[in-house]
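First the structure, then my questions, so here it is.
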Amino acid sequence: MDVTELFELIPFARELGIELTGATDGHAAGYIELDDWHSSNPRGMVAHGGVAYSLADTVGGAAAVSANDSITPTIDMRMDYLAPATGEELHAEADVVRNGNSVATVDVVVTDGEGTHIAEARGVYKTGGGEEDTPWTKGVDRSDTGHSRSE
Amino acid sequence: MDVTELFELIPFARELGIELTGATDGHAAGYIELDDWHSSNPRGMVAHGGVAYSLADTVGGAAAVSANDSITPTIDMRMDYLAPATGEELHAEADVVRNGNSVATVDVVVTDGEGTHIAEARGVYKTGGGEEDTPWTKGVDRSDTGHSRSE
Amino acid sequence: MDVTELFELIPFARELGIELTGATDGHAAGYIELDDWHSSNPRGMVAHGGVAYSLADTVGGAAAVSANDSITPTIDMRMDYLAPATGEELHAEADVVRNGNSVATVDVVVTDGEGTHIAEARGVYKTGGGEEDTPWTKGVDRSDTGHSRSE
Amino acid sequence: MDVTELFELIPFARELGIELTGATDGHAAGYIELDDWHSSNPRGMVAHGGVAYSLADTVGGAAAVSANDSITPTIDMRMDYLAPATGEELHAEADVVRNGNSVATVDVVVTDGEGTHIAEARGVYKTGGGEEDTPWTKGVDRSDTGHSRSE
């Protein structure tokens, strides 16, 4: 199973309509088609800040997972809003800018798909430091997240 | 219309199940009852990072609005995750720690409702600097957000 | 007086050895030549996190001032450390990525001058919202910070 | 050697005049007596943002070290400025709010010593994930940072 298939199983990502289009070697991309219920204004579209954040956290996490053979819980993320999201889509591109043995640092740019930067995020994801079971790995076959030779 | 009624109209907050229980004088509180679709793991409950963030951004925004007679778009927010959200609810308490003429700085603590800190956030919200119409104020009667004497 | 001359008068920037090499139209650059006292380790050079931060905050502030006719106090800044600063210099390049009527959002990249990214920062600076005197403008001729036609 | 003695050896902390007054069990405190050269304004005292940050990073790091038997490099830190530092001192109190096997999350409050909050910071410090030598541990006897029984 590759990273995009794994992320399609995330219930909240499905609920929000997040589509992951790729995640390999520390790079990932995805998008959301915006619907009325994504808005923060009942009289028009301006996507709620939580929509862009959830997309950024998910695509950023996919980038981190793609660079490591493990689940990578988010430790922290900062989101800066640059323009209101009044279009029909939100797109995110994520890059691991540092992949350490404890954490990965990931940059994410969120656009409207037509060149306008909606937001920029920077997050830190856990990459190591423990092999114990966690709520994130419950029921997960760890080989699902890796780059097994039999793929 | 008071701040809690105004926030009940936000489509994305309704979609996520965010309930705002109070917002006055720079303090606000709210919660979410977690359902399976809030999870980041298909095999069990650990709320997606975007759920806690969306709750924090919304309750933090309500605190900022309650301290100002205006819509207060989010400029930036940082979220730190302290424990996995494996319980049945997420609660948030927000406090404006600085209310300036340009921006308000807001602290938010997210718990599971039983004392465990799930996350802490700090955000900056715009409080001034423009009277022009924005995507957030389209169709909004500005007096809705204020503390008019005739309430 | 241009922005670089103005910043050369900042006592703490002089103390740290910060040299501003340019600041126009929302872009700024500067550097520090590292000395033993910049280190966080008495047995070798690894510049203290506060050195890279102080450089980033200063060069980021110069970028914000260069895009606005005003002093721009820092509202918040996040710094992510990517590699230890073990070289002889630290260089910073700053770009205003959003210049609003309340705040400017600024990206800063800190390198060792030889291509290694030491740190990345993102900061928010106040651009408006008040004409009153502040501790930052005490004794400052406001025309010093602007782009007056008589320069 | 205890944590406060270890931190007194940090060249940049000495240069800035940082005094660490305590660091045990995930709590730490320290202060700076402000001098003219700490200012960002040549005509009066308003401490440069890098001064409060350097204090916060140092005291936050001492809190992280005091909770772990290891050097704890800073991974990231966010600083929010709440009031100008126009007084004679800056004080910082730091608390580890989460101490994990990969990272520690630390809250820091910076005041003027008379009750005014100057800034709040939140940082993430590395606590594990590697035993290899780093620029920070070069020449450091690791037992210096721990809680050896023979102290």
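For reference, chains read A, B, C and D in written order, and residue numbers begin at 1 within each chain.
Please note the rule applied: a contact is a pair of C-beta atoms (placed from the backbone, for glycine too) under 8 Å apart; a residue touches a chain by one contact, two chains touch by 3 or more.
Just so it is clear, the model here is predicted, and its values are computed rather than measured.
> Which pair wins on C-beta contacts, B-C or A-C?
Between A-C and B-C, contacts are more numerous in B-C.
> Which of these pairs, A-D, A-C or C-D, matches B-D in more than half of the residue pairs in contact?
A-C
> Rounded to the nearest whole Å, what is the centre-to-centre distance of chain A and chain C, using the mean of the C-alpha atoms as each centre?
Using C-alpha averages as centres, the distance is 31 Å.
> Round to the nearest whole Å and give the separation of the Cα centres of chain A and chain B.
Chain centres of chain A and chain B, defined by C-alpha means, are spaced 21 Å apart.
> What positions in chain B touch 2 or more of the other chains?
75-76, 78, 80, 105, 122, 124
> Residue numbers of chain B touching chain D in their complex, please.
78, 80, 82-83, 97-98, 105, 107, 117, 120, 122, 124
> Note which residues of chain B are touching chain C in the complex, please.
75-76, 78, 100-103, 105, 122, 124, 126-130
> Quick one: which bits of chain D touch chain C in the complex? Just the residue numbers, please.
For this pair, the touching residues of chain D are 9-16, 36-51, 53-54, 57-58, 73-81, 84, 86, 134-136, 138-140.
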